[in-house]
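What follows are several structures.
Each of the next two complexes has chain A plus one other chain: chain B in the first, chain C in the second.
Showing the complex of A and B:
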């Protein structure tokens, strides 16, 4: 049994990747640094979703709503108030988590697909509010030119800021993944009925999982504002939720780091195939079909299986 | 310790349990027997809160527990080991039991400390007790059926129950696995002093370890008494034991 939360034997590849990413801006053009930063933001969003989807077994179908709430909270405080920037950055995840608590409170009363349907409805309601409330949110125009603090406003400094926040968040997520709470959530995913029978209040733990996950989605929302300097209603649109869900499946939803791989693949496809054809989702669709047939555990699940294949079997 | 009084449950007009009575005293091993469909599993699920009774009372340690949710019943000290294997398939054997131990220790909401630091000794002790220690790191879905049934019991033990309910502990086991499980149940009662309520089709097992036996038929409880008394009861012989 592994006793410490962090074990260098298994974590050194991640540390090496992180170190390499620190030097990336020296080798890349501005455009690629920007795309990499977008991948980080999306990766954090996908990771936060996977906390409840892959590890919690919940049909969290409208995760983007919480991402959008985080981004809008951050942008609105920066644009409309004189409050210091760190207040905006700190308030956003709490606003997202509070929204998660409200919506989750209703959703955990339902099971499986019904949970997902209710969440799509309530999330779409949020989208409609943002889309229509011109006076506050600027409606479908969104908010542009959000003043980002000077220290992180250039492409290079924002890259480092986002990378550091991502690394910190992923470390905390890993801690939670391996914590008693994380294990309990995985047990609920595998068998909610059995969890009730061993004395676990399933709904309360699910709600707690949603609050934690939406908190991280809120942080991803802040990072989006930092990299783009603008927000628009599409951030809360259900299509984005679906895309993020696909990233989790693509990367391997039963693994820890898989969603980051899924996010990287999806953003890269959108960027590079997207320049040739606007039907890039067609390619994504084909990849998804191949995935279901050949890599049902996702890219990361496949790699882990190959690497550990021999040693895991006793 | 446990009193069930005129308990009734129907599904769409079918009376699964109808006026059943049962009593279990502390330290006792009580068996429930009866033909398939007699309502044994339904009775157990009513006690553990998986089903809500239509009528009747369930008293545990002097307090009514009917209508409580399963997790609340579990926290009062009753654990159920399911008839159909019902484990956490993607987790290891160790983690399966650890979850129950963590739940018992009220540590399932710890977010920022490693699960490798909580409930380790307790889990190892239980796995040692049931003989699964050497398979602790296997993913539970890959175990043989017999081992999964033993794991079922180990998970139920993780909550350190006062009353352990076993729903057909040897169902689907090979003869060798069955005898190992019988030994295990013997040991659990002797060494841990557990109170056990179980149902079983293996009459050898029932008559060898039960202090008292309750016989069910068509959802009703026919009789509850010592093995000798039950064996000689004419109604039971006609209904179930086939005149042996």
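Showing the complex of A and C:
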């Protein structure tokens, strides 16, 4: 049965969650509002990665590089220039997408692991430059005290700003996911040879997928600056890239909304387990291994499978 | 731009030698990574953690044997075996059940292992900086090319080629080495002629990790041993293996030389951006030859 992209039957849970999140700040303390905002930023980053990893089947190993480019572009324009804030916010996703285009252009010529390794090396080059260019980026200290526009500088207003941007982005991602372009990307993931044979330009579609995904990663970078007011080179470090990868796995990378669940679980784990013990990565590692052994479809994939009786969404 | 000291021939020579000795450490670590990658087809992200464990184990063993010369040599010989033991347990308990899964899962498994091992090291050794003193034989420097060159780096320049030759002989002349190489090329065929592939894989994994431990033990006297050294080495080793050709031991050697030498010459040319040079070299190589300089076993 052909359904429209916005079918009430499948979307009401999302709408309900969104409505509930609008009222969340009234029930939470400052600290929890902040953590929730961090979850949103991370969720957007994970969702953008999953566009190419889960739906595109690409080994996008250094997604954090584009997130970092977005965050640094935004922060640098806000700190170093007199331009209005919206210019910084608008420029950052385009800078990230342009970086994605450049790096992707080299990477899509390769397959699987070679794709991933080339991307890690190109991303690490960016990281090394940001890490050492003290005059521009502040080097390993990063940039602190980035001036955020007054309208979204308090914890409550920034929460609403980030939530709305996230909701808008996820809606657009959903449209892309259900669009002919998204379907083509998923088809390429499942069988690149056959797609090539029916006349689809596989490389070009993959490159477009990367550009779109890195654009959203750039938006996530902007949101990071809004919530933290600072940037540092770790945003471009490969460890973060793999962490985001794990969020997609955790939530279920063949589902649409799974990465958001994965991001929420990971950030919550870091925050709350982190207050009890300094060994939270040990616990994350153990959870991950359990997941790989027993729940390879991810949390969301598992739930959807149970709800829909063995037939996972897409 | 603040350029380094004036570039004289002797300075270039010494930096070249320092770069080469750094390349030897990189080679020992990345050849292990390359071996695992070649045989098991798994990029082992936990390789850097095993290198870190090698360095910490060397520190502990060195102290346990009362430091000094005897402590150093015993630590150097024994700590790779400690690392190999850790690898064997991880492989037999967990990893060997996953070989049928897709690569991404295996990669994420090794990442999980990295997270766990990193925290275990923090539990056992804490977050302090540790250092090991070199034995008297290797202390001090020698005058070379009109500058002084640390004896320990000279020692590394001898150990590196020895490991390369040893590894070559092992993979080409011994039966188990040949089986491992055969399993890398056609695993099903090796299985079909009645060889227990699971144990071949275990062996290859443990040998690769042994090399990581050896690298860690060798590097320990030259740096301060601390948490986080796993993150730095693993990315370098990965890039070296990629530019060399996945699974190709000589490629790992070539890649290490490029990486080590560009880094040390970078220090000479433009110290602030020294770490950028090797990454730039990697990018240039990969744009020129995307699948590495030498033939990959894949």
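We adopt the following convention: the second predicted complex is superposed on the first by the 308 of 314 C-alpha atoms of A that agree within 3 Å, B and C clash if a C-alpha of one lies under 4 Å from a C-alpha of the other, contacts with A are read in each partner's own complex, and residues count from 1 in each chain.
FYI, contacts are C-beta pairs under 8 Å (C-beta built on N, C-alpha and C of every residue); 3 or more make two chains touch, one makes a residue touch a chain.
Keep in mind that this is a model prediction, so the values were computed, not measured.
Asks: In the superposed arrangement, which partner chain does A:120 touch: chain B (first), chain C (second), both, or neither?
Replies: second
Asks: Is A:186 contacted by the first partner chain B, the second partner chain C, both or neither?
Replies: First partner only.
Asks: Of the partners chain B and chain C, which touch A:129 in the superposed model: first, second, both, neither?
Replies: Only chain C; A:129 stays clear of chain B.
Asks: Taking the superposition on A as described, I'd like to know which of chain B and chain C A:19 touches: first, second, both or neither.
Replies: Touch status of A:19: no partner.
Asks: Scan A:200 for contacts with chain B and chain C and give back first, second, both or neither.
Replies: In the superposition, A:200 touches chain B alone.
Asks: Could you look at A:27 and tell me whether it touches chain B, chain C, both or neither (first, second, both, neither)?
Replies: Neither partner.
Asks: Of the residues on chain A, which ones does chain B touch that chain C also touches?
Replies: none
Asks: Okay, in this complex, where on chain A does chain B touch?
Replies: Those residues of chain A that touch chain B are 1-5, 172, 175-176, 178-184, 186-187, 189-191, 193-202, 205, 208, 212, 254, 314.
Asks: Of all residues in chain B, which touch chain A in the complex?
Replies: Touching chain A: residues 48, 50, 69-71, 74-75, 79-80, 82, 86-91, 94-96, 98-100, 102-104, 107-120, 137-138, 155-156, 158-159 of chain B.
Asks: For chain C, which residues are in contact with chain A within the complex?
Replies: Residues of chain C touching chain A: 43, 45, 94, 97-98, 101, 103-105, 108-109, 111-116, 118-120, 122-123, 231, 235, 238-239, 242, 246, 272-276, 279-280, 282-283, 286-287, 290-291.
Asks: Going by the contact rule at the top, pick out the chain A residues touching chain C in the complex.
Replies: My answer: residues 59, 106, 109-110, 112-114, 117-118, 120-122, 124-125, 128-129, 131-134, 237-239, 242, 245-246, 249, 278-279, 281-282, 284-286, 288-289, 292-293, 296.
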